[in-house]
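Can you read through this structure? Questions will come right after.
Letters A, B, C and D mark the chains in the order given here, with residues in each chain numbered from 1 onward.
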Amino acid sequence: MGAEDFGPHFSKGTSMSDFISANLPYLLAGISVGGQYALIAIGYTMVYGILRLINFAHGDIFTVAAYCMVYMNATLPLYLSLPLTIILTVLLGFSVERIAYKPLRSAPRMSIMISAIGVSYLLQNLMWYITGGLAKQYPTLPFISNPVSIYTATTKMVTLVTPVLTLVLVVALVQLINHTKVGMAMRAVSKDFETSKLMGIKINKVISVTFIIGSFLAAVGSMLYFSNYTAVTPTAGAMPGLKAFVAAVFGGIGSIPGAVIGAFIIGIAENIIKALGLTSFSDAFTFALLIIILIFKPTGLFGEPQQEKV
Amino acid sequence: MKKLTALFLALMLLLPVIALGEEYAGEIVIGIYEPASGPNGAGGKQETLGIYYANHLAPTVELSDGVYKIRLEEVDNQSSNDKAPTAARTLVDAGASIVLGSYGSGVSIAAADIFDAAGVVAIGISCTNPQVTIGNPLYYRICYLDPFQGTVLANFAMDEFTAKKAYTLAQLGNDYDVGLAYYFTEAFKGKGGEVNGETFPLGTSDFTAYLTSAVNAGAEVIFSPTSTEFASQIITQAAANGIKIPILAGDTWDSSVILDAAKGTDMSVSVSTFFDEGDTSSAAADFVKGFKEWLNANPDKLANNGGNDIVAAVSALGYDGYMVALEALKLADSGEREDIAEIMADVTFNGVTGAIVFGENGDAVRDQAFIKKSNNETGAWEFVKVQSVSE
Amino acid sequence: MSVETMLELKHVTMQFGGVVAVDDLSMHIKKDEIVALIGPNGAGKTTAFNCITGVYAPTNGQVFYQDKLIVSNHPQGRMKQLYVGSHKQFPSEVVENTPDQITKLGVARTFQNIRLFKTQTAFENVLIATHLHRKSNLFSATLRLNYKEEQQHRELAEQLLDAVGLLKEKDELAVSLPYGKQRRLEIARALATKPQLLLLDEPAAGMNPQETEALAKFIVGIRKRFGLTIFLIEHHMDLVMDISDRIYVIDFGKQIATGLPEQIQDNPAVIAAYLGVDEE
Amino acid sequence: MKTVKILIALVLAVCAVTVIYFAQSAKDSLPGLLETMDAQQLAAQDDKMLKARDRVTDALEEGDREKTLRNLTRYLDGFSDKLTFSDGVNRELMLFKNYPVLTAGSIFLLAIALALVVYALDKGKKFKKLALPLVLIAALYCGIYIVENITGVNSMLMTVLKKGAIYALIAVSMNLLNGFTGLFSLGQAGFMLIGAYAYAILSIPVENRAQVYQYYAGGLIQFSLPPLLSIVIAGLAAAFFAFLIGLPVLRLKSDYLAIATLGFAEIIRAVFQYEGLGPITNGSNLLRRFTVFSTALYPFAIAGVCIALITLLIHSTYGRAFKAIRDDEVAAEAMGINLFAHKQLAFVISSFFAGVGGALLAMYQTTVQAAAFTSAMTYEILLIVVIGGMGSISGSVIASFLFVAASEWWLRFLDNETMIGSFQVPLLRSGFRMVAFSAVIMAVVLFYRKGIMGDKEFSLARMIGWTRHRKEAHDER
């Protein structure tokens, strides 16, 4: 069809204020989606740091959280549905690990990754079966769904809340990891799995805690994300999940600040691409970025290099 | 034990006989070739509901040699072209005399060869891409086509909103979206308008950037013939970002999902459709009333309709599709595929979506579409006008 | 062509981060010699092997094989500030060869922690190592136009298995063999690459005295039979003293002694380095 | 013993030739038969019968055998008592209905006769190893031909078999990479896409182009190539892209490689949907009306040849090198195997066959659209490989047929609400099939990790050995 080239909007404004009003929405969208990616990306990066596993099912857990909210909000008041959603999501993340990953702990890495793909396939089909596949409208959450004006742009409160909340949660998480016993165990396990086991660290407990934290953040991320993008479908979490993973790799897998920074970069870059009118390539761009970083700095921006022992 | 098993088996064998009863001369199978999963699953289910409702009203057909019971055989094509051939074949093997569907043009095209080889007539219900019927002599269609719908909407945009600049937003790789956007653009430009267009990939959930582009381009109307999954995103995000450009869309948006999304906002959303729930003609009014009662009586069906009893246009079309199939059976006076194929072009029917007469390529001759606008206070559709191409 | 010097290392230094694993190591091995490299655990012996075989690119230094420069590096560029090796200057030339290229030149090796192809049989393990001598290309190999060459390779593999006394276990999975036999299979596999220089990384590890003695005979035997020069790392002092022509001793990456076996036995620096260290 | 074998072979050959002769003569016998029937059964004819008879002759003229047979059956059903036909007519009818089967069966008999002769005369026992598999393959293809002619080209069985064969090729190509070389690549859908598009673009007949490229004024390419050539080019195109992609990507390790290839597949998809390439790729719209195969033998032959080539490759010195890399990269490199070159080789070859598979899939679907080649498709193929067993070609082939048949055919009933008497079977409704199916897959992944075949191959010799072993055990008792 006739593709109309939009040309870069960056050059469109005649004055500074025009420029800002034309491009502010892109930036706001970028920051907001970046924060949401960050919350998902932490789950990926922590699990990868400990198990060396790309948890392909993480994006689907994120979607399940959204469905929980949709169904529970229909019958329960908010002060019940909100915590219940988080609890159920955490339970799901915990049981996925116990059922699908734990039995494969000694298996080759490829097997456990295939198991993750299998879980993702199962969760998506299950959601289809239960929901019938019609897009569900995400409930309006008080405060964060309210509209707000920034300069010339109108947006939802969630756009502003997301980066703040993300940063707060990340700081809390870093504190947890640096200053608690379980956090120390987590760091030890991610440094050297086998030795930690010998040192008497309860590996299974540490892994469970990791999944619980990851799922908790995914549940929070899901609330923020779907308050903005309100249609919930069984595959709604697949793309954000994949992008969050890219963000985690980009920032240096295993590194929490890396994942957060990577997520913001990807969220903003993706929206700049759209602003440039190259919309068909916005997803492709994310992957191109991934490949470039993998080739030039395989450990990501903040990752630690690993030397293979011969 | 053996005796018991034998008895059980004998009873099982008897079951169909009992079920069929004595008053029927036989059974005729009508196949439903629709997606129940995949990106078009939701729409496919609503279309299927219309067919089941029609079957509920008219479960038999009277031919010269007696009354035949109609059995519906449903198959899920998963909205996927690579699953289409086996799905289509399932219906052929089930002995379908005639097939209805599908929602989505791609799967229809992918199945056409299978139906053609088996000599089964297929009636496209809401697949609007011209390619479905071209070159497939046994594929008929009761809805209007993309070129028509695109033109109608372009006319409407110019007439109603006096728009000179439009912005189109379509899903990449969706032939419905892309085709409709193309014909809209052609028509709009033909009338001296200016069009900017963009496409977004499957899985997109952030439309802010696209909407901003529309604003920056100075569009007076946004045309977004997407599937419902994206529709509600587009509406809510436009509302959240304070973008008040009127949004136009095609028949897919005639769905309760859109009303839910637009309710309580100040967005102006208009759609062209095959059917208007508020149509006062007695056939249409009866259909709406009956369909709603039927939905509300069956919780399963209601769930398939998205949990409410708002009548989607595709349901009405599904209803008409079934009735057209019955007419074909009557005219052929036979459930044989060849007999039906011979007379199919001559079938006419006065349905709830208007008169259906097959013209060139087996496409129904349609010269007008209903335009509806969402009422954001009541969360219902408001009839605007009947728009035709000639205006 | 007869070559006097088989292998020569000049000032080889290998640094991981701030840790210098091999520091200014220079040595030479003459044709037909059996030379041993010994030193306490963690002295950098295997790292030295890895620098020769191209697994690591050394931080500084050069390696010659039959007077041909096969590895060369210098600490200029990004390592400049971080370099802490002893030998500072080196000609600024960089030569890198991947392990497979070095193997093709005629340097084969075994591994300290046995790296056999686990899912393959003993025979297949050896056969794989003949791959580098193929003259066939993808098409002739796929369409079996290379059946003569294939036949030769199979015969060679069988001969080698016979030479290491594993012909009976030919079709057994490599991993199902007992430890000692796995070691010998690894040597047979290395021999299939038709090397002139064979690097053995702790070939007697985990063996009892009888086995070790047999291994000593075996090593001497293959040297003669295949005309090899052998460079080995070993902890079993009996074995080392028994078969080595010369010995290099390193500790903390640095060479602390070199000479004939009897000289090393009495060297005070060596005794100091090994003091308190269990002789495995 | 030798003479007995040759005698049996001779008898078989004579029978086969006789049957072929009669079957071939029956091929054109229908018009004559119809006239004979007219003469014998004039009284039974009414309007409906006349119509049916006309349809039979029409279909015969069209050359559509499935249609002819269908209408013939209906016509014959119209006669109150078929037995009243003379024996000659009945025999001829039988011959006409079954001549393809009889021909194929006879060819099969000939193959067996040939094998027997080979067995008898083969002194050095050189050909024995080859003769038996060849006869079995001949039998398989005859079997497909027979079944196709009994059930019709588009029957469910044939549709599933066609797709199964195509998926088998694709799964084997993925297994070459993931199972045999140990490279965890998730880019298969991308290479299938390239193959499918290359094939479709090149083979659309010129007269159809205006219609397909309706938004791009007929498109840029105004020639069309024969199907077989297009398939080869499709493979080469995929291989070429794989070569380019492999340069940077294959230096990455395990899961990074997986995610990078997945990313490339997504990028390929985006590029093929790009409007700017519309005159070639038709943008994001459907490509259709290209040449498609008319018999299942076509995909079976191509997939068969390709799988045979891959099998030969895997058992060659290159295949051994691939397996060495899978088992231990460091050791493989120390044995003089150039890691990068061999990984690149495996990647390019795998992509070549994925491209060919994509082209066949395009033919099977009759339409191609980039949007369909998602990562979900790659996952599907990966799961087939896992179910069949990583590192087993026969496992992948068996799993492909099982996967396609189960997911698209046998399990369909799970989607339908079912009543047994007045009892509604719980859970059964739309979508349940996929849930049950994915649960089964999870069970395989978790509890039956090696898959159907592990890394073993299906082997006749072993099968025979096994039955013998069983027999001996039985005899001992």
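Here is the rule we use: a contact is a pair of C-beta atoms (placed from the backbone, for glycine too) under 8 Å apart; a residue touches a chain by one contact, two chains touch by 3 or more.
Keep in mind that this is a model prediction, so the values were computed, not measured.
If I rank C-D and A-B by number of C-beta contact pairs, which comes first?
So, comparing the two chain pairs, more contacts are at A-B.
Work out the mean Cα position per chain and let me know which chain is farthest from subunit B.
C
Hey, how far is the Cα centre of subunit C from the one of subunit D, in Å?
Computed value for the inter-centroid distance: 50 Å.
Distance from the CA centroid of subunit A to that of subunit B, rounded to the nearest Å?
About 36 Å, centre to centre.
Quick one: subunit B and subunit C, Cα centre-to-centre, how many Å?
Centres of subunit B and subunit C (C-alpha means) sit 73 Å apart.
Report the inter-centroid distance (CA atoms only) between subunit B and subunit D in whole Å.
Chain centres of subunit B and subunit D, defined by C-alpha means, are spaced 34 Å apart.
Going through subunit B residue by residue, note those that touch at least 2 other chains and give them in order.
36-37, 45, 172, 178-179, 182, 199, 201 - these are the residues of subunit B that touch more than one other chain.
Mind pulling the subunit C residues that touch 2 or more other chains?
In subunit C, the residues touching two or more other chains are 55, 111.
Using the touch definition from the top, which residues of subunit D touch two or more other chains?
In subunit D, the residues touching two or more other chains are 215, 270, 273, 275, 283, 330, 429-431, 434.
Considering only the defined contacts, which subunit A positions touch subunit B in the complex?
So the residues of subunit A in touch with subunit B come to 1-4, 6, 9, 12, 22, 25-26, 28-29, 33, 128, 132-135, 137, 147, 149, 153-156, 225, 228-231, 233, 235-236, 238-240, 271, 274-275, 277, 279-280, 282-283.
Show which residues of subunit B lie in contact with subunit D when the two form their complex.
By the definition above, subunit B touches subunit D via 15, 36-37, 45, 74-76, 80-87, 89-90, 92-93, 105-106, 109-110, 112-114, 117-119, 130-131, 134-135, 172-175, 178-179, 182, 199, 201-202, 300, 336, 338-339.
Tell me, which parts of subunit B touch subunit A in their complex?
36-38, 41-42, 45, 170, 172, 178-179, 181-182, 185-186, 195-201, 203-206, 208-213, 216-217, 228-230, 232-233, 236-237, 240-242, 257, 260-261, 303-304, 306-307
Quick check on the complex: what are the subunit C residues that touch subunit D?
By the definition above, subunit C touches subunit D via 53, 55, 98-101, 103-104, 108-109, 111, 115-120, 124, 127-132, 134, 136, 138, 141-144, 146, 150, 153, 189-190, 192-193.
Over in the complex, which subunit A residues touch subunit D? Could you list them?
1-3, 52-54, 99-100, 103-104, 107, 109-111, 113-115, 117-122, 125-126, 128-129, 132-133, 242, 245-246, 249, 280-281, 283-284, 286-288, 290-291, 294-295, 298, 308, 310
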